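Next, two complexes with subunit A in common: one pairs it with subunit B, the other with subunit C.
Then we have the complex of A and B:
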C-alpha cells in the first residue's frame, strides 16, 4: 500500500479508487483557496477505506473530487483521479457521467432529501434498473429483490409508499438499495448514519457490512465518528486541513497512532466507562487553519504540543512506520507521548456523602403531556416521576421520539404539562407555564439548547445576549453589569474581546460557550443540557464537557443532561434515566444502569454502540420501528421490540416502575435476579415482527 | 479583574485563535458591502433606481423644472398637439401637459409611500402577532383577512371614499388598510419559522414580555421579507393611487395628478387627442416599472 502511495507510476492494478497528490481549490471572493493539499489514497478491490477528521478537513470534498463532481467554484488543480483504473480527469464529460451512473454510488447523510418526495419508493429503486435498459415489470421485480436484500421485511408494501411515510432508517436502507442496485465498483458513504439513532445506526452499519461481503464492493466511508470507522473499515486515513496525516489499518492507527492529531482525536472521546470524577477529557488546542492558508511546514504545527522549529518550515515526508502504516510527522515516534492540553486532574470535588439526602432541587410526580393532533391524543410523556439532588447530574437517554426534549420543556414551563402533573423546585410546587412562575423560579431553572445557531439571536451581539440575561434575571445594570459580564465570559473561557461579535461570526464551540454563559447568568440551581455537544466536533465537545463539569462543581448546579451519545452521558452523569415512548423504563445510578442486570431496552441501546476500545458486546438487534405515540402497543410499550419478551403478560399488562434494588428502578415484569441470570448471554433473536410498530397480531414465539 | 485566559488552570487556548479578532469587525462590514455590491451590480436595480430618481427629482423640484405653469389655462391653445413649445401638447383647457406630468409626480410620490409605510408598519405588527400566537387569535384574524381580501380593492376604496369624502388622506388610509393584511400574511409566514427558533424560548426563560420578544427579538430577524414586501407594495400602491384618481375618487381637480389627467381626457382619444392621455399614462407606467425593478433587485440581494 505504501509503495502504491509513494510511486507516481500509472496505475496498473485496477484499484477501485486511486487518488494521487490530489489538490483541489475553491474560488472564494475571486481568489483560489486550497482545500485538498495533495491527498493520496488507494482503495483496493473489495476493501473498505475510512476517512476521518473534523468538519472542514475536506472529507466531503475528497469524495466529490473522486467523482469529479465539485461545485461550480471548485477545481482540481493538480494530481490524478483513477476510478477502476480509468483516469477520470482525462475523460470526456459524457464518459464521466456514464462512469458515475454505472460504477460509483454515493450515499449521503440525509436520506430523506436524497429521495424524491413525490415518487413511490418502488419506482425510484426501479429507475436504477430502467436506466440500465431493463424493462418495466422486470425492473419492478428487481427493485423488490433489492429491497429484500437491504432487509426490508415488507418490500411490496414499502414500494407503494412515499419517502415521508418511512422512518429515517428505512429511507437510508432504500438509498443503500438504490446505491447497490447497479452493482458499483465503488460505494461512497458520506456520514451515512450521522442523523440516525444509535439502534438504527447499528442496524444500517450491520447491513452495509453484510452487503459489502455479498457484493464485494469497495467502500469509501466518510465519518467523523472514530468508532464507526473502526467497526466498518479495513484501512483508515486521517484527514487534517486537506492532507492525509496518517494512514494504515484501523487496528494500527487506532491502537498505535503515530500522528499527534490522531492521538489528540482519540483522547477527546469519553472512552467506554470514562467518568468526570476520574479525569478531564483532553482537548486539541486552537483551530483548523483557514481555507487556503499557506502552510509551508506541517499542517498541524499550530496546534501540536510536540512542535519544533522544523515543523514550521519543512513539510514532513511520509514516514513508513511499519505494516503499511504511514505518518506525516517528523516526530512520529513520540506522537503517543503528546503532552495533554488539559490537566488530567478531575474537576469533581468530593461531594458530601449525604448529597442524596438533601432536599431535591427539582422533583416531579406523574408529569404527563398529551398533545391533540387531528382529533388523536398523542401521549408524548407519560407519568414521569423523579428527583434531582443539588449538584447532581441526571442523564436522560432514549431514541429520538422517546420524549426527552418534551420532558425538558415541560420542566422549564415552555410546554404546559397536563392537569395533575407536579413539578417542585426546592420542595415548592411551581406553575406549569413559564409565564406564571416568579423570577426566582424562572432563573433557578435554565437550559443549554442543542443548536446554538438557533438558540442565539443572530441579530444580537454576544454582549447583548448575555447582558440581557443578567439584567432580566439578576437585575444587574450599569457598571456592575460590565463586571459581571466579564466574570461570566471568563468562567466559560470566552474571550471578552469577542463580546461585540455577532453569533454568526463565531465557531460552533464558542457559540455554545455563549449559550452556557447565558444559562448560568441567573445563577441557576438546575441547568437542562439538551444535546449540547451533538452539533460539535469531538475536540470541541471535549472542551465543552470539561467546562460543564467544572461549572457544576463550582456552582453546585444540578444538570439534566440529554444526549443520544451514551459515552458522553456516562461521562457526565451520576444517575441515568432511560426513556421509551415517553415512559421511564429505567432509573438508577450510572454504573448500575450501564451494567447488567438492566432493563432489556437499556441492554439493547448499549449493545448498539460501537466502541473504539473494542469492548464489543454481543449485538442485540431491535427489530421493527419505534411504535407511534398515537397508538402505543398494549401492555408493556416495549413488548413489540423486546429481546427478552416473556409472553402474553407483556402484551396485556403494563409493568409498574418498581424499585428492584435500592435506588434502581425499572419498568419490566422481570425482577432483578431473573434478568441478571438471563443477561449473562445474548438473547435468542426474535423473528421480525413487522415494519410498522405497534402492530398487533404477529405472534412471537414464547 | 483581567480577562486574560491563559492563566487559568487548563485554560483552553481555543480562545486564542477563536475568530481571529481582526476579522470580527471586517466580516460584518464585508457582508453589508457584499449586499450593496450585489445591488449595484444588478442592472435591473440600477436602471429601476435611475427611473425612480428622475421622478423623485420631478416631485421635489417640479415647479422649478416645469417649463410652464401647470395650472395656467389658455382656452385659445386647448388641445394643441405636441410641438416645439409644448413637447407633450396641451390639454382640453390649454394647460401644458409636460409641466403637469412633471409636477404631477409630487402627489403620487407623497401619497403612495406614506400609504405603503403605514401598511407595512401595521401589517408587520399584525403578522408578528398572528404568527407568534397562532391558535385562536391567528385563526380569527386570518379568516377576517381572507374575507377582507376577497373584496376588490376598488370596491373597498369606493366604500371608504363615499363615507369619508375624497381626499388625499382617504386614499392613503384606503391603501394602507388594503395592503396591511397582505403584508401581514408574508410576515406571519416568516414569524412562524422564527418562533420555533430556540432564542425565543430562551427569551421566555428570562421572563421577557411578549412585546419585547415580538419587536426586539423576532422583528430584526424578519426585516428581510419586510423590506422586500415594502418595495413590492410600493409599486402596487402607485398603481392604486392612479386607479383611484382615474375613477375620480382620489385626488381632486385641478391637481395635476396623473390618474386624474387620464380620467379627464380619455373620452377625447377617439377624437384623435391622444397626448393628454398617453403622457400621464406613460409616467405612471415608468414609475411602477422603476419601483418594481428596484423591488426585484432588493429581493435578490436579501435572498440568503
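Then we have the complex of A and C:
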C-alpha cells in the first residue's frame, strides 16, 4: 500500500474530522432552510464515530459537508470543518480535489448504483491510483491487490467485469477497495450495509473492521441501525433535526442513554427476544420538524413526553454527564424515566383452542415454481409444504434469492405455480392464477408491499385508493362506503382528515398505513407482508408492527411475514420458515427456531446479526455466495457453505424435511440430539471441499 | 446478444411484409386509371384497355401484389411506364442524392448538437443553457420550408453566395457538390439541432445526477475527467436512438426541402411519382424508406447494446 502520502499535514496528531458549530442550509423555494444546527463533533485518529438518527436528521449532509460536496442549493452558513487539521472551507477547488483524492473516502448505501455501469471494475479501482500519478499497468496491478485485500476471491476475473454482473455485496467490497486504495485519513460510510442480506452485511462489517485495524483509518459511520453502530464504533452521536442531542462512547450512550430521543429510539427496536404477545413496542409520537423550522427551544420538545415549559423556550446547553458523555436535555437525569408512548400491555386474544386444531386458512403441498431463462430451468421454489392457522403469523426468512418473494407471489396467484402444486384456502384448492380465482378467494388473500410509494397510485386520493378496494373486494358503495372507509382509516390510526390527500403528500409511515388499510379493506383471512417496514425509520417501524399485531388480534388475520430483519420477524411471528435456494430448510415455532438445536443454515443466519443487548454469539461465517438456482449443488443444497458439513453424505444425498421434534421440521442429515450437543460451541473452521454449482447466485426472474 | 439481433431482424422482416401490403393497397386507392393517366384523356378506351393489359394492371390485386413482391425479391423492381425508365435507375439515383444530403447534414448537426446539449447540461440553469435550449427549440419549431426560403433569400439572393438550387452540375467534385448542398443541409441542421441537443442535454443531466458521478467526483477526479470518463459514456446512449430515427426522415421525408432546392432526392421522386400515379416507383420507393427506417433503428439498437454492457452482457451470469 501507499506508505507515504504526498501531504504535508501531520496526520497523526490532528483530528481526522473536526466539525465546529457547523450550520448547513438548503435553499428551498427561494428561502434558506437550516439542515444542520450547530453540529460539533470530532473524530480522533484511528477512532470510529457513529452517527445515528432518523432519516432527514442530517446525517448524510454532515458527511457530504466534510467532503465539501453539498448539493447546488446547499451552503455552509457558519461554523468550520477541519479535515486532518486543514480548514476545508478555506481551501481552493484544487485543494479540495487533492483532499478527496488522498485523504477522505466515502462508501455509499447503494453500491451497485455508486459504480459506473459502463466501466470495468478494474478500471474504476485503478483510477484512484492513476489520479495519484501511478502509471497504467502498475495502477492495474495495485487495483488487483486492493481487490484481493477486500477478499474478492477471483480478483483477475472481477477486474474485467461490470457492476451489474456482480452481487450487491461484491460491489460494496469493490467500493470499499476503491475507498481504501488511497489509504485515507478519514473513511466515511453512509449506510454501507442497508439493503444487503444479514449474512453479507456481517461479512462487509467484518471486512471494514479488519481493514480499519490494518490501515489505522478514522471512520465516520452513518447508520440508522443501532446494532451496527454498537458493533462498529467507539463513539456515537445521536442526531436529531440537525443537532447532536447526545454523544458519548457507544457503551455509555446505548446502556445509559441520557436524552429522551435516544431512549425512545432504543425502545422502538424489537430487542432480541421481544415478542408481540409479551408487550407492545414503544414508539416516538409525532414527526420530525420540517426542514428549517424555527425551533427556539429544544429541537425534540414537540415529541418529548418529558417536555416542560423551559424546553420550548430555552435551548438546552450541552450537559456533561460524565466520561465524555454529553446530552442536550434539561432533564437528562430523568431521560430514562421517559413515559411510554404506547401501553406496554400486549394485545392478546383468547385463543379458542390450540391453533393447530383449527382448519388452516391456507395450506400448501409440494408447491414449486420453475422459471425458464435462456434455455435453463431455474427452480425458484422447490417442493414447499406448510400450513397457516387463523390468526397466526408465519415468518419467512432467508437471504435474497432464497425464494421468499416468489413463494408469496405463488400464494397470491401473481405467479402461477408448476403443475402438481396444491394451494388450499380454508381447505378448498384454488386456481394457480389470480384471474381464475373467484372474488371471495381474491378478497381473503391480500398483500402489503415493501414500498408503499410504488404500491399506491400517486394520482389517486387516499379516499379513492381505499374506497376502490372496498368497492372492488366487498361491493361496498354509497353511504355504507363512507362508514366503512371511516372505520377502516380509524382502525389503522390514519387521520381521517387526510383522506383527500394524495400519497405523495404523506410520510412513509402514513403511506404504509394506507397500504395496510387497503389490504384489510376486504376483511382478508391472510395478509402477506413483504418487508413492510424495511423502508421505514425505527420509530415508524415500531408503530406499524404494533398496528399489525393489533389488527391481527382484532380480525383473527393470519400473516405471512417476510423480512430480512430477524428481530422484527421474531417479534411478530408465531412460527418461522427458513428458506434457502427455494427449499424449506427449517420450520417451527419462533422460539424453537431461534434457539439451538437449529438447522446449520439458521444458526449461521442468526449469528450474523449484531445485537444492542450484546447477546454476542460467535460469528459463523458462511463462505462464498449463494449458488445459482440454475445449477444448485448436489445433495443438500446448503452443503457448499454449511458450517456443520458432515461429509460425503451431504454431497450426494438430499435430506428429507423431517419432523425432529413435535412441530419442528428441518432438512438436515443430523438428528436433533447431535446438533444440540454440537451447537453448544462454535463450529470449527470448515474443511475445504470442492464447490459445485455456480459462483454467483442468480436471482430468479420475477 | 446474437439471439437479440436475430429476433430483431425477424421482426423487421415481418414489419416489412406488413408495410409492403399497406403500401400496395394504399397506392391502389390513388384516383385515376394507370393507362388512362399515361395515354391522356383523348385516347380511346380500346387502347387504354390494351395498355392496361400490357402493364398487367388489369389483373387481380393479389396477383399484382405477388408479382411485385417476387419481383423485388429477385432484384427486379420493374419499369416505370410513365418515365420509360427502370425503377431501379430512378430510385437508385435519388437515394444516392438523398444520402449525400443526409450525410452532410449529419456531419454538421450531430457533433454540434451533442456538444451543445452536453455544454447546456454542464451549465444547467444559466443563461448559456437557456440560450442553447431555447434557441434549439425555436429553430426546430420553425418549419423546414421557412428556413429554406429564408436561407435562399439571405444567401444566394442577398449576399450572392451559395446556390438556390442544390443540384450540382454533372461531373462536379466533392467540394462543388458540398457548396451546392450547404443550404439545404443547414436547413436540416436547424430542424434537427434542437431535437438532438435536447436529448443530449437530458441524458447528460441524468448522468450528472447519478450516484456513480458522485462517486467519481468524491474520488477527487478533475471535472474534465469526470465528464469525459464517467458522464458522457452513459449520457449519450439515448441520443444514439434519436439520431438513428432521424435517418429515415432524412432519406425520403424531405419532400418540401428537395422541391424548394430542386434537388433530385428520394422525397422529390416519391412526390412526383404520387402526382403522376407512377405506381411502380411510388411503391418501391416507399418500401425503401421503410427499409431505411428499420435498418437505422436496428443499427441503433445494436450500437446501443454494444455501448451498454448492461444490455450486451445482461443475460450472462
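Some points to look at:
One rule holds in what follows: the second predicted complex is superposed on the first by the 671 of 702 C-alpha atoms of A that agree within 3 Å, B and C clash if a C-alpha of one lies under 4 Å from a C-alpha of the other, contacts with A are read in each partner's own complex, and residues count from 1 in each chain.
One rule holds in what follows: a residue touches a chain if its C-beta (ideal position, glycine included) is under 8 Å from a C-beta of that chain, and two chains touch if they have at least 3 such contacts.
Small disclaimer: the values here were computed from a predicted structure and weren't measured.
Superimposing the complexes on subunit A yields a three-chain arrangement in which subunit B and subunit C clash.
When the shared chain is aligned, subunit B comes close enough to touch A:442, but subunit C does not. In the superposition on chain A, contact of A:300 is made with neither subunit B nor subunit C. The partner that reaches more residues of subunit A, of the two candidates subunit B and subunit C, is B.
By the document's definition of touching, of the two partners only subunit B reaches A:458; subunit C does not. Legend: residue contacts after superposition of the two complexes on their common chain; A:571 is shown touching neither subunit B nor subunit C.
When the two structures are aligned on the shared chain, A:49 is found in touch with neither subunit B nor subunit C. Within the superposed three-chain model, A:501 lies in touch with subunit B and out of touch with subunit C [touch as defined at top]. In summary, superposing the two complexes on chain A brings one listed stretch of subunit B into steric overlap with subunit C, and the stretch in question is 147-155; the others among 3-11, 147-155 or 237-245 show no clashing C-alpha atoms. When both complexes are aligned on chain A by C-alpha atoms, no subunit A residue touches subunit B in the first and subunit C in the second. Residues 67, 69, 97-102, 105-106, 108, 110, 113-119, 127-128, 131, 162, 164-165, 175, 178, 373-374, 628, 694, 696, 698 of subunit A are the ones that touch subunit C when the two sit in their complex. Listed in rising order, the residues of subunit A touching subunit B in the complex are 280, 283, 285-287, 290, 302, 341-343, 409, 412, 414, 434-435, 439, 442, 445-447, 449, 451, 454-459, 468-469, 472-473, 486-487, 489-490, 493-498, 500-502, 505-507, 509-510, 518, 522, 540, 543, 546. Subunit C meets subunit A in the complex at residues 210-212, 214-222, 229-230, 233-234, 307-310, 313-317. In the complex of the two chains, the subunit B residues touching subunit A come out as 1, 3, 5, 8-21, 23-25, 27-28, 197-199, 201-202, 204-208, 217, 220-221.
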